[in-house]
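The structure is given below, and queries will be raised subsequently.
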Amino acid sequence: MTDWLTPAEWQAVRLSVKVSLWAVAASLPLGVLVAYALARWRFPGHGLLNGLVHLPLVLPPVVTGYLLLLTFGRRGTVGQFLDQWFGITFAFRWTGAALAAAIMAFPLMVRAIRLAIEAVDPKLEQAASTLGASRVWVFLTVTLPLILPGILAGMVLAFAKAMGEFGATITFVSNIPGQTQTLPSAIYAFLQVPGGEGAAARLVMIAIVIAMAALFLSEWIARAVARRIGGG
Amino acid sequence: MTDWLTPAEWQAVRLSVKVSLWAVAASLPLGVLVAYALARWRFPGHGLLNGLVHLPLVLPPVVTGYLLLLTFGRRGTVGQFLDQWFGITFAFRWTGAALAAAIMAFPLMVRAIRLAIEAVDPKLEQAASTLGASRVWVFLTVTLPLILPGILAGMVLAFAKAMGEFGATITFVSNIPGQTQTLPSAIYAFLQVPGGEGAAARLVMIAIVIAMAALFLSEWIARAVARRIGGG
Amino acid sequence: MMLSLAIRHRFAGFTLDAAFDAPAGLTALFGQSGSGKTTIINAVAGLMRPDQGRIEAGGLVLSDSTTGRFLPPHRRSLGYVFQEARLFPHLTVRQNLLYGRWFARGRQGAEMARIVEMLGIGPLLLRRPGALSGGERQRVALGRAILSNPRILLMDEPLAALDEARKAEILPYLERLRDETGLPILYVSHSPAEVARLATTVVLIDAGRVTAAGPAGAILSDPATAPLLGLREAGAIISARVEAQEGDGLTRLGTAAGPVWLPQVDAAPGTALRLRILAQDVMLARTRPEGISALNVLAVTIRDLTPIGDSGMLVRLEAGGEALLARITRRSATALGLAPGQSLYAVLKAVSVAPGSVGIGSVS
Amino acid sequence: MMLSLAIRHRFAGFTLDAAFDAPAGLTALFGQSGSGKTTIINAVAGLMRPDQGRIEAGGLVLSDSTTGRFLPPHRRSLGYVFQEARLFPHLTVRQNLLYGRWFARGRQGAEMARIVEMLGIGPLLLRRPGALSGGERQRVALGRAILSNPRILLMDEPLAALDEARKAEILPYLERLRDETGLPILYVSHSPAEVARLATTVVLIDAGRVTAAGPAGAILSDPATAPLLGLREAGAIISARVEAQEGDGLTRLGTAAGPVWLPQVDAAPGTALRLRILAQDVMLARTRPEGISALNVLAVTIRDLTPIGDSGMLVRLEAGGEALLARITRRSATALGLAPGQSLYAVLKAVSVAPGSVGIGSVS
Amino acid sequence: DEVVVFAAASLKNALDEIAAEWSAETGHEVTLSYAGSNALAKQIIEGAPADLFISANVEWMDAVDQEGMVAEGARTDLLGNRLVLIAHGQGAEPVEIGPGFPLDQLLDGEKLAMALVDSVPAGQYGKAALETLGVWQAVEADVAQSDNVRAALTLVSTGEAPYGIVYATDAAAEDNVTIVGDFPADSYPEITYPAGLLTGAADQADRDFYEALSGESAGAIFQAHGFTVLN
């Protein structure tokens, strides 16, 4: 593989995978929480939260990236706060790319998990509560295992989206090789100049292969889970 | 409203809504079919179909737009075929924008519907079949009503995504005011010039308002449906 | 119409290997929990494709592993009352009830109003099944299956969640269905009383195998199969005919063994009945007892004696050509010096014969 | 521990308005389908919040609409056997069984191996519930509730899908649970036999209201409530004590009415028993009958006579201080010239008393 | 050490070459981040760790400059470019471009591919040229605007649009299009790519690379890719 990819391209591949995995992993807990809240709780601000989650879908990615830049950038309020108090910097780091990918993928992840939660029979959760399980335990021992397929679907959607995310990322953290240059950014750069199509196509193929691998893996796990639950 | 939007902007708003509605409506039947196939059928090529559906998510939107151009453009094989035999042209038309939006939104729609289908208890479908309903009737009278919330979720995701889609659209059908200039294209254009942020923000607000309205509507319908099924 | 079945199917840890014929009438599948009853019914319904074997209904092959033929469920014209109700949650009770009818155009069927009335689900028609009580759900499921005008009726413990009063209303309807329509009914029940009352054919199943199958009368009064049904349910089924409704609320029946009085039987004089007389309800006396409350005393002859259980004796009796069974203690058998051929009297309290044991129809 | 309940709740088209006390022991809720039994149990479980009213268990207020107190289900230490099994599909049978135990650390409880053995679910332990048969599911649900070491046990038709043999194994266990643990058990059943055997308290419910409530003995032998349970289930419960296991498989019991012989009762001499004698199984004779197969003949005195049904007569008898009931036809009552105060003989076949009617424990 | 350059995406090919050469010579590393000039400018204003900025137009460099982020005296107009009319396919007929030339007849109802005429520099220059030549009104309704020049070029190379207006640098490298005419240099504002050393650049290496961009060997490479070297 290394012989038909330049080191910089190879770096972009690795970075994209790393960014996507982190984006998925780091947003998963919040994704589950928000999905649960949207599916099960009625509270003032329900609609607002729902809207907020969907926002990155509605806005052109460039706008999301710009808003991220203004908020989490070096001069952004949140960015400065995080930097001073926790030493976390997003601006122009791979962490920022992960943040952008996570936010862009968030609506997909939340919706998949929410649908799964809504499909769980509350009667099973009731049964668990009569057996002594508190709300949290009911969630951990009954709801969570039952929504695994949905979580998996959400993760795979989010991973695919994160692998493909471009507009928000390049606007937020730019396109710095080795630091923020993801596969799509690299592809974009190639497409901006004459004769870059071949190189772009090669990178596109790699993106496809990686995403398909993730997809197959998730289908395989989902089927294994389904077999365990459905069968004997 | 008309007084703080220029006629051209106003046109972009109307076009975006039209394109998004058409994208959702036209892809819905195929979305349901593909979701059903992925959820319920085991066939060679299952993985391939699944991969194909997710492709627009993985690829940078520009690449998708480029591939659309090659396929559905006037010189593209499919494009020529459709043009000659059915008189359907996508190039530089709002129909092309709708096609791009539909394809970009397709993975989201399919996944939501698929999750809903997977949550339907096959025992209910079996019951319907013992009562004389053929596969198609079982689908129409049992499966379909039960997956309505999922379909709704898929539609709303797709609509939001269609409203925000930019990269594939502008690459495929470019930006012709009144014909293919959607809201995100207009927003993008503003962001390209120094000081255009204010005008962009105005359009962003409009996009948000429209998407939120769609979101609220879908939540409201979903809740009404749930009440009917759950309660007395 | 006759349903013939010979199938074999393996699950991990369970093998079904069953063959029997279910003629027109009601065939009861009786067996322990987990013995394979639901699996058999599912095979007939086409919800399960047996590894091997053949199922045929009235000349129509429903499934045959040698030819690979497999008729899908919706073309089998079934009515299936599932062990769990499986109502459609998005439809009202009324729509649930009418669901099957929709696909059965042409076939003529039971009358909606009558079924609704019998099942007592009139007030529920406009509700959705979500919040129905357990028994309400089961009644709707029963109605849904019957109203689909099936050519084969499959019922998996259809009355399990119902109270006695409701059962008493539904049982006569099932009898009429059985007798008037001639459709084969496969019926799973854990209640021997229900089986004894309704079944024309009984199939006993144990661990996936048929241990006995045949006409209800024979199986239920056979001392060999009695323990399988439970000692308390051993009994004979005899034919009777309504002779007169007497003034004091009693009905006189004519049987080959002599007249029998029972509390009011709602049937016109002349009606043929099946009377199930439990072995444990029959007392034996060497001389005709006098001054006792029991109304029915029949002269009988002992055919044979079979020890049963730890302390019991099953005594097969003959009375005017009809077989009767009595279950007494071995101590009494010895004390009375019972032996085959001996003549004595069988005493039966009028109230002992449960209304549930008086069925309409003749003994098959 | 005592459970007290007084609640009121409205659904569209159905109003529950029930108040009763359930002392330690088993309280049977008995009523038609749709009468509100499951609703009451759900309120006790905390799965439903009644519009009004108060539920208290052993001094602990579970819910009280006036103070707004509402203890969530998981803090009520319940074992609930649902009308539908509600097993966790993602857990094995074994994990299902142990689920509640996990949260009940500290409380000591029933032994897993013993429960598994009794329920006959040993071979299923490693399977997941998806493909269990109806009865298997129900047994696992029963085990799961019992093994959670509850302080209140709620059972909604726990034995409905089980065959008689399996029931016969489980009933004695439930009796021990009732007598040894002192936990209140709320028990819904449509089987009068089950209720009569197990209940120490009976609550009759009709259309959301309590129509009668009290000790099982009193309710079941009260001619006023007998019709509610079904005529066939009217009967008396008397106390007995095992006196001797006799050689021929019979057990001699001592009762206030005199010795009674039954087929083998598995209990050591001296054990106290509850004996349910159905009114329809008692025959009356003016003179002590001779040469008959019935072993038990008790000298009795008539207390009173109540016409019942179209043709029946319920005769309350006294025998050495115990109350007995006999149901005979009015024709016989007239023929025998029965009147209060009269002395005569009650004849009872040894085999008539169902094993299910011989319970361990004394009459409350 | 490391030199971080934020550069307009259209410079990729040339800058990659120059940077590689310079790195080999000096041993310093050059990191190049390519994106749209507008995005880069905003990022720099928001504190991006860039040492150099090369914009595709003057306005975005001005925006950065106004924020005081361009080092004193370290801004130069580096490159120029030409605007050309291209046609689909090889060997297309040359077009005489002058005032009032019959562009609308050439299009014959089909589209003219350009970059966004109000916001993307190539589009803005093209529109200015057409206005100067007095043909804008005739073709305005037939202009298909892409988000960047390369996309406009693609529309022509795929035959989706018969004609397009792009930079000479882009057109030269594409096989499937022919340059059918040059726009008169006075018909549109001069196309300039300004370069600026940013205030955040402390290093000598940064300054060296900035200077090297105006050097001879860099100039040669820029010219090889079709750019005009301005000074």
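When the chains are written out, they are named A, B, C, D and E in that same order, and each has its own residue count from 1.
One rule holds in what follows: a contact is a pair of C-beta atoms (placed from the backbone, for glycine too) under 8 Å apart; a residue touches a chain by one contact, two chains touch by 3 or more.
Note that this is a predicted model, so its numbers are computed, not measured.
Between chain B and chain E, the least number of touch steps comes to 1.
The set of chains in contact with chain B as well as chain D comprises A, C. When the CA atoms of chain C are superposed on those of chain D, the rotation angle is 180 degrees to the nearest 5.
Chain centres here are C-alpha means, and the one lying farthest from chain A is C.
The two chains most heavily joined by C-beta contacts are C-D. The chain with its CA mean position farthest from that of chain B is D.
A separation of 26 Å divides the Cα centre of chain C from that of chain D. For the pair chain C and chain E, the distance between mean C-alpha positions equals 90 Å. Measuring from the averaged C-alpha position of chain A to that of chain E gives a distance of 34 Å. Listed for chain C are residues 11, 13, 84, 127, 131, each touching two or more other chains.
Shown for chain A are the residues in touch with two or more other chains, namely 62, 66, 188, 191, 232. Residues of chain E touching chain B in their complex: 36, 38, 41, 59-60, 62-63, 111, 113, 116, 118-120, 143-147, 151-152, 154-155, 158-160.
Across the complex, chain A is touched by residues 4, 6, 9-13, 31-35, 39-40, 42-43, 46-49, 148, 150, 169-170, 172-174 of chain E.
Contacts from chain C toward chain B in the complex involve residues 45-47, 72-74, 76-80, 82, 84, 86, 88-90, 99-100, 102-104, 127-128, 130-131, 144-145, 148, 154. Of all residues in chain B, only 47, 50-51, 54-63, 66, 107-108, 111-112, 114-116, 118-119, 149-150, 153, 156-157, 160-161, 163-167, 184, 187-188, 191, 200, 204, 207-208, 211-212, 215-216, 219 touch chain A in the complex they form.
Residues 123-124, 126-135, 137-138, 141-142, 145-146, 228-232 of chain B are the ones that touch chain C when the two sit in their complex.
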